[in-house]
């Protein structure tokens, strides 16, 4: 293991209440792959098979039906980590042991059930699974705005306590959704910043949010944004505000890209995110739904942006 | 115990994250009965007494009221395993100890209660029961599409974790049903493939689904099937797609036959399933509702198809 | 303790997966009282105080307000066992220790609360209570057809697992009721047979049902009864079908009598039940609501029928 | 400690299934204060601050805002015990240690929340609290007739099992209320007798009910009261029927007085209750809402009635 | 550590049933900062990021986005303690270890979810977190009047028992809200006094309420306030009544200030609160939303009032 860079030392200093085990696993994430030591992260997540179904996820690039494929893609691209649900992780954890840090997604939704205004993922794995499979972290999705808030936050709280006691890191996907937010509000800047704050207050080490829009959802918040003149016109400004909302940048915040799109669009978005001070990207469909060579090329371009 | 065939070695290699106990029990399933070592399985399941009531299940062949009958049928036919709820397993587990691998069905429905759009079987047995009764696996039914999704997946997650820690295998019956799917959608090819994926992501070792129809249920999925031209015209094509959807064929997927029907129909269906690359069949009513001699003959013909 | 009769040996052989503790307690039930060794049982149950209220239960024979009375009645009549809720059992368990096998009724309803289509008794005692009070079994009521099916079956499953691990027997009262059955359907023959099957599949050692009527409730079942010509005209035929539905007679099935009625009616019913192959009767109100001398006389006549 | 009187010996003999610890604490209740040894009890309960609010409870006699006051009142009056919620007990348990038997009220309601037909108190303390605070018993309120029946009875069952295992006694406040009873029915004689029976069947050592009225609530019960001619005209007759309904007088049944009223009314009621064979009174508002001297005088008069 | 002042000794004597660990932590709160030994407390709470969102909370003084800022503010101002949710506490607990007593807010709401008449915060941290982070107390919010009363009180009861067993103190925020109170009733004097009583009966060591208005919410209470002529005209009178309602002043009651306002208004309110006999103030937005110098000046003025 290399010595820590100054940036990694600085980042780890923000988590000084954590035990040595958790700091070790955080440093594994920060010190793996092409961006090792830079304080930036690019993570490959593959939970769309569970969340959207197999054909919608893997038919565009059928190699992705195979769980080994994603381990190989993450390793070859030099990602910091690979994140997936229990089945996908189990299918390769022994075969690829020690070759890529793993994040076990411990809750998941599907697109078949109807849950109305109270969306809430099912807990599908646990901390003990993460430990037996050699993972560095668990991942959990919350839907701020859901009427099932208490169920979600209390599950997260229990899993987080267990993870930290066992020396794992905690990654929270914070996606506003449910009875308390409008469709536009799901990506509104005030709501996105709020979602980042909630994840940080819950004790997350790494927070994943979607790139926010200029929309303002909540009346009380809108007044403040206007009175205080908070800059939210450009994507970079909005990313900067979200990062500030996660403990003034003292929590690792990374951004997803959403639906698959053209390469230029993706890279332009990543540039905006990077300029806003984000700690990195989590890129799923835009990576694994392309043929492998194209995916490796795209990830190379993304990492170049973060290296610049 | 015989040495593993190459095919059994290959299948076990897909489960390399499992402990030796679970691998042992998986190999017992693969190495028992007439299909031992072929990588194919024919399993006798008898839970209809619980699910549909005794007269509907056993009056056509009253020998089936007796729990011993099904142990004997499975043993004489050379099935890989016999699967049933707690009562039926307890009634013969000591008497027939070691003569046939047992799968304890740990949740069950009945046809008396009204649960609307949130169908969810009751947990009727547990991992400790499976252990004390000498079973090789537990079996659990999920209804993808049910509004009770979280309850089901979280129960399955707990039972799976306990089963794996105790060296048992996990068989998941994945039957779409509930508020999120139409009546036709319950057997739609996109939904069936999705149901297999969910079971695989939950960590199932063996997945049981129904033969799917050509129907496409979900709008977003339909677009993909059409755009990607996924072949779903014949039963074999559809079975192939479902098997692919379970980790590119790296999980054991077997098919049920549904309501009792004529011998020719049954055998034609099995041929289609076999040609699609399925790992085998689970055949209940079509077996135990015939007189024993006829049932043995039918199972002989089914196994011949899988041996061919 | 006497040597087991051939009949008792045969009955115990059906429960060969159970541990020695449970077999010992089953044999205590089968070897106590006037019917000891015959394989027949007459049990005195007194839970009506809880279920219907004290005046409706005990005012007709006020001696019954006193918990000691029922212990004495069961002992003097030579019953196989006495079954009651926690309070009644605690009131005499030490005083009458070892004089009569006790069944602790661990869940109970009352007639005051409104629970609509989801009837579900409250758990009012547990396996540890049964052990500290010297009981041979626990008793639990399920309402097949209730929308609270899962709660009930899962409670029963937990209590059954704990009871069996602790060497106790399990008696299940299976009374169809709730949103899934009509008023007539509560005693329909198809539903009664189904109720016995569910209890057996749940792992019950002894199953208590009500004498069924000729009514057929469920459309799908009706077709089978008619097609297969299942005889259900006489009470004996119906009892025979219910006993067959409980694992072909390999589970102990006993029948209750329902509301208090005239002696002749009671005895005629018992004869029909006996001719149908039932293992015995559980007789509450018809016994304890008569003056003691009359109750002893009636129980004597009932036992004579089973001895014949 | 004095030797037990014959009456105390008789009462303790009804609880012979209890362990020595519980018998010891029951005897502490029966052998403390002015009525020690008589088999009669007068208990001071102060939970109105929680249930009705502080001003409604204590403004009439502001000394009662202070938790010490009630300990002193119970001690000076020579009550058998003082019963209160966690906060009030904690405030004086160490200061007044050993001077008065304490009953910890472990569940409580307030008058602020709306719970409709499913009234159910919150569990606000537990058996471990009772032990660390030196209490002789826990107290728990049930609302027979509430749609939350199962929650209440199952909580009571758990607390009772834990209390008995730890050598504590159990006092049950049984107050009919909720969707299953009319306003008049809450104090109807049939319902009151039923409420006493339920508490006794749940395993309570001491049962507290309200003085019942002549009203008959339930149709089925009414028929029996009329047919059997059960005397319910006078308060004494009704009290006698309630005591009989609690295991023929083999459980300790005490009566509350309800809203504060004039001294003459109170004493007349107590006389009626005493003549009916009650074991004593629990007197809250009528005691602590008067100036201390008057309260002591009233309690003196009450105890005189029970001594007579 | 200094010797206890007479006032601190007196205050600690009210908690004599608590163990030495809890008394030690209570004394740490009373003996820290500028008001050490006076029996008065000024606490800095910062949970608005979670409850109202980051921009609404921190944009007016962006230094507050940073978790370190609030530790520093509380330390420099000489507050008795700093209270915040898990994330904020974890961010500084190691860095500022031992410099300021910490209160871990273990449940939290947000302004995104819709919960109607049953407001109930999510449990977001626990006693074990408080211990590993070196906190002296946990903080928990109840909403008296919420239809989720039982969930809240039972969570509080469990956390309180665990906290006390582990030597921590318990601070309860008691904020009436929900289906049982009108908008005006949330700050009504009768409801505020009732809210303080409930917290005290639940076993809280320190109770935080809002300054009440002259409004009377509940009909039954109103009659008593008028009949007994309870003085509630001035803020001081109302504060005095609330303090009396918390065990006659034998529980520590502190007051919050609510929405940010002008300095004069704040100081006038604090004077009224102090004159009413309150034990201190908890001041969040009025402190951290001002520039640091102004916040320090305001807190200096507030403490001067309590010193006077």
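The first chain written gets the first letter, and so on, giving A, B, C, D and E; residue counts start at 1 in each chain.
By our rule, contacts are C-beta pairs under 8 Å (C-beta built on N, C-alpha and C of every residue); 3 or more make two chains touch, one makes a residue touch a chain.
Source: prediction; values computed, not measured.
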| item | value |
| --- | --- |
| Third chains touching both chain E and chain B | A |
| Steps in the shortest chain-to-chain touch route ending at chain D and beginning at chain B | 2 |
| Chain centre separation in whole Å, for chain E relative to chain D (CA means) | 35 |
| Length of the line joining the C-alpha centres of chain A and chain D, rounded to whole Å | 57 |
| Contacts with 2+ other chains: residues of chain D | none |
| Chain D-facing residues of chain C, complex | 49-50, 52-56, 59-60, 62, 65-67, 85-95, 108, 110-115, 120-126, 128-129, 133 |
| Of all residues in chain A, those that touch chain E in their complex | 14-18, 117, 144-147, 149-150, 152-154, 157, 161, 176, 178-181, 190-191, 193-194, 196-198, 200-204, 218, 220-221, 224-225, 228, 230, 241, 244-245, 247-248, 250-251 |
